[in-house]
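Structures are listed in the sections that come next.
Paired with subunit B in one complex and with subunit C in the other, subunit A is shared by the two complexes that follow.
Then we have the complex of A and B:
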């Protein structure tokens, strides 16, 4: 059983955030390549609901409601008693289950294997997708400049 | 129970089990004196199966729950919060109160509603050692002539009924059995 107090909160936030945002297909592909399927029991079967997303428009001022988004969540416990929680965006019960299993495995002795086989490739894919999108957006940037019209002279 | 398994015992098929439990709760409330089986949840030690199932069925983040002395332990607090998200509040603000009768009294600490909003009152889930169709005599809506129910304190419940249309409503739970007593029922002690 994992000693959950030894896991840094920031680490867990990082992998839960990555699992929540990652595309379901990419995660499913990596998970099917992982092999082992640990035994588990449901604490909370996957359920779909809405959450209100809050943020600061323009990055300043007080947080305000941006809008609702669909979220799927579930919780499970492995045979050794380790709990895993999965919160993912959109309607994806399998996605949530995979996320919860990975969260649980990351607290066990298999953490290094899971990190190397799933989390690191997934991070690279997400970053590649993000920089590709940023590059496409950057290509549409328009630079405005004004010709000197000689009025000052 | 190890700390890591503290969340076990919720509904395994929430929509169906909660609907069955809600139907049982409605039936006993509509027909005071009736007993119904109420199963689905497996709460931690300190709560009966019927009380745990009732809490999972009725509570959500908008309903304050008061755990009376015997029902107030960290395992139950965590279990209830994980499965329902219900805030734990003092008796005076509670929508639901759970515990044995001797831990729940006095009844005047609970909300009884206001004349304009009599629904803003507390519902008490009273754990009982025995629950059977004997003892005090009940009369009122939902009962053809009279019904009998082993209530813990007929005098206090009759005082609550005198407040009608204000007052608290009661569920009585024992193991996996549930019965109910709405405020509209007149109670005569045994004898």
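Then we have the complex of A and C:
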């Protein structure tokens, strides 16, 4: 069983967040390329539910309920006793299962391989998609002729 | 009163079979896929998510297909599905200041830090039908420029730093939830904002327009309108920390409104706020105007008797599913009700006739 204390919460938050946000197809492709399928038992079989998303009045003030989003969650335990949790956006039971398995593997000796074969390429894909949108947005930035801006020099 | 009636099973079954056929339309025309609806009718999908109060583009696309494009029917389907979902919890309030903006404009500050970014907008199009879309054709790739990765600051922050705009005190008070407890009046601002963000776009637009035409005029400027994605975070009890559980597209509108000042407040601008799922800017601007109009009491303004100031009127009629449920139920069988009304009218007519007849006989 992995020594849970050695895993920084920040690292685990980062990979769980990435697995939650990642497009299910992109994760599935990388997972099928990974090959190994660890034995596990369910602690909680995949379950679809809703999470109430909140905003703040004026963007910064008192919280209010904006509406729900669909989320799928599950929890499992590997043969060596390592627990993995999956919380993913949408209604993807396989997506949640894959996320939980990767979460568990990231706490074992396989972490470096999983990071190199799945998390790093997934991060690159997600960042590339985000940059591509930001680049299109940047091209629609209005340049006022009356404006003098330092960065244009 | 609605009284159950029996019979008609076969007719209902056949009606639904015909509905399915009509939904499909001409089988010689290719069937729509959910992915086509999600990708190519994305603003309809956004409206169904916002008013259905459930962020899930695939489900909204399914609802639109099932409803034959009747968006209120689609919203009804989403609301019904939503009630079947167990609630895992509440997110921490989203940080719209950290939004990855597709669009960000200000009508008040030309040289807003972070720039005026138009995004994929209908603005400045000529609203002429584009017959090129009638024939299928490849779309050229949109131009790109060096992307901006740093967060885009809120415009109102600059006014707030100078003390020129009313503060928006942060709190961690859990907001009321109108999906859990029926709304009671007066409703506080968090409840009003929840009702408005899921309210009917047409209704909220009409109420907002009424304020612009002089009913509770409050001189709104769009201080900022931004559209983009934000991360959604939730604390996971079994993990003991907060993680991102997804990413959603939102439209946020902050209005900056005139305010004369009061006995306790120096003259300063006030705010209206709109935040809506998806790319829904008409709705977000309208929500901000109506939010501002409903704040008259807390800002020490006069009750002008305008409809947009009357929170019971606005909030009780903004929900298109409640409205359509009540409106459309009158088409369902009311035979017993109507029979009694019919009896009553006949009796009144008989009595009226009897009162007239003796007089006629005497003349």
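One rule holds in what follows: the second predicted complex is superposed on the first by the 135 of 153 C-alpha atoms of A that agree within 3 Å, B and C clash if a C-alpha of one lies under 4 Å from a C-alpha of the other, contacts with A are read in each partner's own complex, and residues count from 1 in each chain.
What we mean here is this: a contact is a pair of C-beta atoms (placed from the backbone, for glycine too) under 8 Å apart; a residue touches a chain by one contact, two chains touch by 3 or more.
What you see is a predicted model, and the numbers here were worked out from it, not measured in a lab.
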item: Subunit C versus subunit B on the shared subunit A, clash or fit after superposition; value: fit
item: Touching partner for A:124 - first (subunit B), second (subunit C), both, neither; value: neither
item: Subunit C versus subunit B, contacts on subunit A by residue; value: C
item: Partner chain in contact with A:42 - subunit B first, subunit C second, else both or neither; value: first
item: Contacts of A:75 with subunit B and subunit C, given as first, second, both or neither; value: both
item: Partner chain in contact with A:135 - subunit B first, subunit C second, else both or neither; value: second
item: Touched partner set for A:17, first subunit B, second subunit C, both or neither; value: second
item: Where the C-alpha centre of subunit A sits as vertex, the angle toward subunit B and subunit C in the overlay (nearest 10 degrees); value: 80
item: First (subunit B), second (subunit C), both or neither touched by A:53; value: second
item: Minimum distance between Cα atoms of subunit B and subunit C in the superposition (Å); value: 6
item: Footprint overlap on subunit A, where subunit B in one structure and subunit C in the other make contact; value: 47, 75
item: Partner subunit C, residues of subunit A touching it in the complex; value: 9, 12-13, 16-17, 20-21, 47-71, 73, 75, 85, 87-91, 130-142, 144, 147, 149
item: Residues of subunit B that touch subunit A when the two form their complex; value: 2, 4-5, 7-8, 10, 12-14, 82-83
item: Subunit A-facing residues of subunit C, complex; value: 49-50, 53-56, 58-59, 82, 85-94, 96-97, 100-103, 110-111, 115-120, 142-149, 154, 156, 168-179, 189-191, 193-194, 197-198, 231-232, 234, 236, 238-239, 241-248, 250, 252, 254, 271, 273, 275, 277
item: Residues on subunit A engaged by subunit B in the complex (per definition of touch); value: 1-2, 4, 41-45, 47, 75, 77, 81-83
